[in-house]
Amino acid sequence: EGILERLDAGEVVIGDGGFVFALEKRGYVKAGPWTPEAAAEHPEAVRQLHREFLRAGSNVMQTFTFYASDDKLENRGHTQRFTGQQINEAACDLAREVASEGDALVAGGVSQTPSYLSCKSEDDVKTIFKKQIDVFVQKDVDFLIAEYFEHVEEAEWAVQVLKTTGKPVAATLCIGPEGDLNGVSPGDCAVRLVKAGAQIVGINCHFDPETCVKTVKMMKEGVEKAGLKAHYMSQPLAYHTPDCNRQGFIDLPEFPFSLEPRILTRWDMQKYAREAYNAGIRYIGGCCGFEPYHIRALAEELAPERGFLPAGSEKHGTWGSGLDMHTKPWVRARARRDYWEKLKPASGRPFCPSMSVPDGWGITKGHADLMQQKEATSQDQLKENKSSANKM
Amino acid sequence: EGILERLDAGEVVIGDGGFVFALEKRGYVKAGPWTPEAAAEHPEAVRQLHREFLRAGSNVMQTFTFYASDDKLENRGHTQRFTGQQINEAACDLAREVASEGDALVAGGVSQTPSYLSCKSEDDVKTIFKKQIDVFVQKDVDFLIAEYFEHVEEAEWAVQVLKTTGKPVAATLCIGPEGDLNGVSPGDCAVRLVKAGAQIVGINCHFDPETCVKTVKMMKEGVEKAGLKAHYMSQPLAYHTPDCNRQGFIDLPEFPFSLEPRILTRWDMQKYAREAYNAGIRYIGGCCGFEPYHIRALAEELAPERGFLPAGSEKHGTWGSGLDMHTKPWVRARARRDYWEKLKPASGRPFCPSMSVPDGWGITKGHADLMQQKEATSQDQLKENKSSANKM
Amino acid sequence: EGILERLDAGEVVIGDGGFVFALEKRGYVKAGPWTPEAAAEHPEAVRQLHREFLRAGSNVMQTFTFYASDDKLENRGHTQRFTGQQINEAACDLAREVASEGDALVAGGVSQTPSYLSCKSEDDVKTIFKKQIDVFVQKDVDFLIAEYFEHVEEAEWAVQVLKTTGKPVAATLCIGPEGDLNGVSPGDCAVRLVKAGAQIVGINCHFDPETCVKTVKMMKEGVEKAGLKAHYMSQPLAYHTPDCNRQGFIDLPEFPFSLEPRILTRWDMQKYAREAYNAGIRYIGGCCGFEPYHIRALAEELAPERGFLPAGSEKHGTWGSGLDMHTKPWVRARARRDYWEKLKPASGRPFCPSMSVPDGWGITKGHADLMQQKEATSQDQLKENKSSANKM
Amino acid sequence: EGILERLDAGEVVIGDGGFVFALEKRGYVKAGPWTPEAAAEHPEAVRQLHREFLRAGSNVMQTFTFYASDDKLENRGHTQRFTGQQINEAACDLAREVASEGDALVAGGVSQTPSYLSCKSEDDVKTIFKKQIDVFVQKDVDFLIAEYFEHVEEAEWAVQVLKTTGKPVAATLCIGPEGDLNGVSPGDCAVRLVKAGAQIVGINCHFDPETCVKTVKMMKEGVEKAGLKAHYMSQPLAYHTPDCNRQGFIDLPEFPFSLEPRILTRWDMQKYAREAYNAGIRYIGGCCGFEPYHIRALAEELAPERGFLPAGSEKHGTWGSGLDMHTKPWVRARARRDYWEKLKPASGRPFCPSMSVPDGWGITKGHADLMQQKEATSQDQLKENKSSANKM
């Protein structure tokens, strides 16, 4: 059954986790460019990660095609070894191969482009999307996702291109309650995406689950107020970000190499799954930072609604029950829901604060500081742009 | 070249990371039993993790045979599907397969047994070790490691069995500066292990890098004071544990499901590698919590000494240099060593403390609370043993 | 010169600090009742505190008549030893005595009444205020302050009574940006107070300086939008309260006996003084938690604007300059503004969080839980109302 | 009855709190010099503080003669207005005046001298002490205290001088478990002080109560091992200092102007009183940071042993019982011991750490950096000696 049939039937669809962050830690993606050439370069690593998410309960194998538009890949020098087409094709094949091992759909994904940010024309940007879509159609993915857009306008363009395929279309922005980078509110963004043709709308990346669920709620209210209909989806970070500003975790001083203390536990994830469900969200997954066990936690929390546990729960006792045979009685005492729900985990970092001051607060597109440059940062620029670690 | 030739020549040997924790997060190991049946059940997952560590710079592929003694496997019900021999054989084959893809040695590993903790005789315990060793000899591993022992006496027995093979032997205890659970000091422990025949001695698991390096230093002082010689090794946790007591992270209220805020960053790991090196440790690896990128950080820090970067550094800019083309100047400003070294990363958890009070402080082997039981914890026991989350 | 002449001339008026909290710590006020019988019982203690604030730079000696309305004093059993009139008279005498020792005005103060909260009539409530006012007129205070009102309606009634004296009237609410407990916005509250006749309006107590300045700004905007004119004043807590809800610090689990970790430093106070000044506030003082050195910090920060330092600065080097002769060079290095402004002071409490979850969120006047009771809390009630320390 | 009669009879003697810190906050002492000229300059302020401690339960009025040796006063320029003799006499008169209002003894106090630190001879140093002692004898104080010594040698000299008066002598060092600045262990220090003639020995200042009690225990063990006898006393800081090194809180980056987040609550103080009592300490008081309510908490905790509450408890409900009539049920729920004992108070400072790295670790007397200088710190010196706030 297709994605819309499942959602229309009221099923919970579990998404997958974040490929670029997980594969960066495994050694196959470079932080900074964040491009997915590993689909062609190291297919065994990508295949294994797909399998782990499948086993954790994911119903969707999203093609590992984030930032796989030609303009991005060229910019990063990756078109020397593999063409964009090769990377997109390899990603589709891997997703389909693993999806066939279980009950999963394949979703082809596109994301925001350097062309848009460089003020290229609507036609130019749409042409970029079109090239990826051609591969997805040829490889016959089950549906399409336009994700990780900071400007709703570009997301609309993407949806318009995706709609030409006749396949179901989902669209998620990486924004918070303050709206997109042009100040369009989450409610208005959602209405525009639905009007552009998206059947599923929501949020991915940039903020923690609590913030994303809150933002999707605002989208839902906007859509309902406009008399429209949609399905809702959320794929947040697996990092706590109570201190983020409008730009999300990119502006946190810890991004991207010191985010460890912010990683959500599996219990945080169960809370997220429940809150998303209660908010009416039925496509519930994750983005950067989500590892397979985080996805499994979503599937375990919603097992009563779905009627089954994921394969991976074979290796996981619900709410810590795997500890009930432990030698030490005080560790056995942790084999219960109440314990893990109430625990306030310590950081082991007494010299660190609990919150950061984000960099760049208040600076958005159009500011002189943000003019694109091809050269690496100069020493003078480094001096001028002391980051918040120093400002504080 | 063998492990001793490398160490004798003054080379740095990079160990691998923690299989049970990494595979638990990937869905293949169950927390609580922590047994390695995945070597036989899901070889593709184990193979892929070996590959990632190899790519990250590991010179040793340790067989995934932690807790793979027959008494442990039986206790956990795993001998129904696979015999202990099958699991140990599969683990050897996987380690050898991947080691052959690069410059790595295969190390067969044994660890502490339930038999010892249940006060079985020296002969009984040695028989248990012997069964695993037989497989390692038959599969012709390159050297042997006795690791994760809380009592030096059991580790001595293990070393004595391992020595019968004629292969080089390493031995690591999971203890801190306070010594083993019988109160034997790190220095005395090391002397006993060397006298039993271990050529390499050190510490693994239970404590963070800082504590482990400190403890290995105490071992080194003991060995030198005794006029003996040895090589030194450390394979610590990838979790900050400044608040641990003698039992290490097992007694932290966060163990094992809410340790996320304690995870070390890659920069913490570079600091560890340098400190271990300066302390005269030349076999430097990791244990629970170590992911491939943590191992890569060790290899990158010690690249000047070793003369080369690991394969995985193809996807990693040293000290964040991959950010130097980022759009935002304040993110570009993070592309430098000084930034990441000084950053005090926030937890994003303002309602959580930085330190925990460990459970069970002061209770050790022999205490009535620690009598083995086969039944799961009863409701009454749960009530009696409120853990520290409540005590505090 | 009177208070209005000073403010009209653009002078900065420094208020005093919090008497009930300071005298509770000195042993003369009981937490819970918070009544000012010490004015009659222990005049030497009250006189000394007035002197310290005068010396610190206060231009206003506020009579120690907080909660000195007859209905409150009776409720607390204090009318056995002293009549309300005696307490109010003694407080006026002490304030005048010390004010005469320097350049200070005497302000008679009234605050919210149990009568209002018990739904007594407007006439009844006004009669209560009238009794205090009669003393203030007889003792010829220089101006009047209606302070610590959670409901703007009661504050209006107070202002109306105070206006009958012909003396200048200031009015401050103990509310935050969310408005009064009936949901009236700060802007609307301010407009109503000005229309009732207050020449000075603002905020006191319940929130930290940052929040109070923010709220006074909202009041100022409201008054200006309404085409009205007023002077502005702020007398915040000396406790950091980023985690407060609408009810302010009363609902924090730490109130009132474990607020120590939240106490502002003198440098925090200088920041507050500057921000208040920049926001157009010219009557700048403090409330609960403010000790004399906090007031001195306000006077020191605004010394450039005022043209002089307070007497108490005789014993204080600006920005730590008193350390410049210290033996240790690293302590001497602290004798500079840059050091203290940037320092993020540690709590020394690694087992404590940085933020609390306030009790009682969302429960306001009218809720059954809030029905007045004369009996002390029963054991059953204690069990039902576990506070957030347990909930968390 | 005298101090020794009380202690010999097994009575608990409650000391007083810290005058220099309390009066610095009230505006009468300058941080840096920390000299007690206020005894002569502002007697009303000193008298009031004595009264508050008496009311809080103190059995000892210690003369406000800290750093009142002639060499220190001259160094700080205070001998222009008042001679050292005048200050010492005024301090004795104030202490006696207030002691007579209740059941308190007067103790004359001397502390370490610049002469010793400048390597003056034993005779020179003893002459300095002698001048203060002459005043104490003339004013007939009840006993003598030598306090705040970092080197046991200087403390011995002081005790020897004090003994010439025939009055009882107490001696406290400001050291921690690591011993005095020459590395003499707490046990050895105590033995030397007892042998020099002190009847009461212990610790004051520099560390928090937990550390001081631990150190006094070590002193007691030393004295008992040596077959000697003494009474024990502790007068710690009212600041949490788990992160201090050997030099105590002077080396914390927060010293002395940002220590607020570290201030102990009254409940922390009750814990201290109990632990000190259990350790066999019977003279229990405080030092820097102790306010009257902290002393009252000691007296309240030990009321069962002493048989009475202090006068100040008239204004204090035990364990928060004063809240039992509060309007809000969740605040009433705080009127119980269990609540306050378990509460982990939040700092309200999410951008601050919980622990600091002390400055100057490892640098002690004799190091070139510590050569005395008369000039204020130069700009060059400031640059060289960046404090830990920057190092971190």
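In this document, chain identifiers A, B, C and D correspond to the written order of the chains, with residue numbering beginning at 1 in each.
One rule holds for everything that comes next: a contact is a pair of C-beta atoms (placed from the backbone, for glycine too) under 8 Å apart; a residue touches a chain by one contact, two chains touch by 3 or more.
These numbers come from a predicted model, not from an experiment.
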Winner on C-beta contact pairs when A-B is weighed against B-C: A-B
Most widely separated chain from chain A, with each centre as the mean of CA atoms: D
Mean-CA-position distance for chain D and chain B (Å): 47
Where chain A and chain B are represented by their mean Cα positions, the distance between them in whole Å: 32
Chain centre separation in whole Å, for chain C relative to chain B (CA means): 57
Multi-chain contact residues (two or more partners), chain C: 243, 342, 344, 350-356, 392
Chain A partner contacts - residues on chain B that touch it in the complex: 24-33, 44-45, 48, 51-52, 55-56, 117, 208, 239-243, 250-267, 291-293, 296, 311-312, 314-317, 320, 322-336, 339-340, 342-356, 359-360, 369-370, 372, 374, 376-377, 381-382, 384-389
Residues of chain C touching chain B in the complex: 243, 350-357, 392
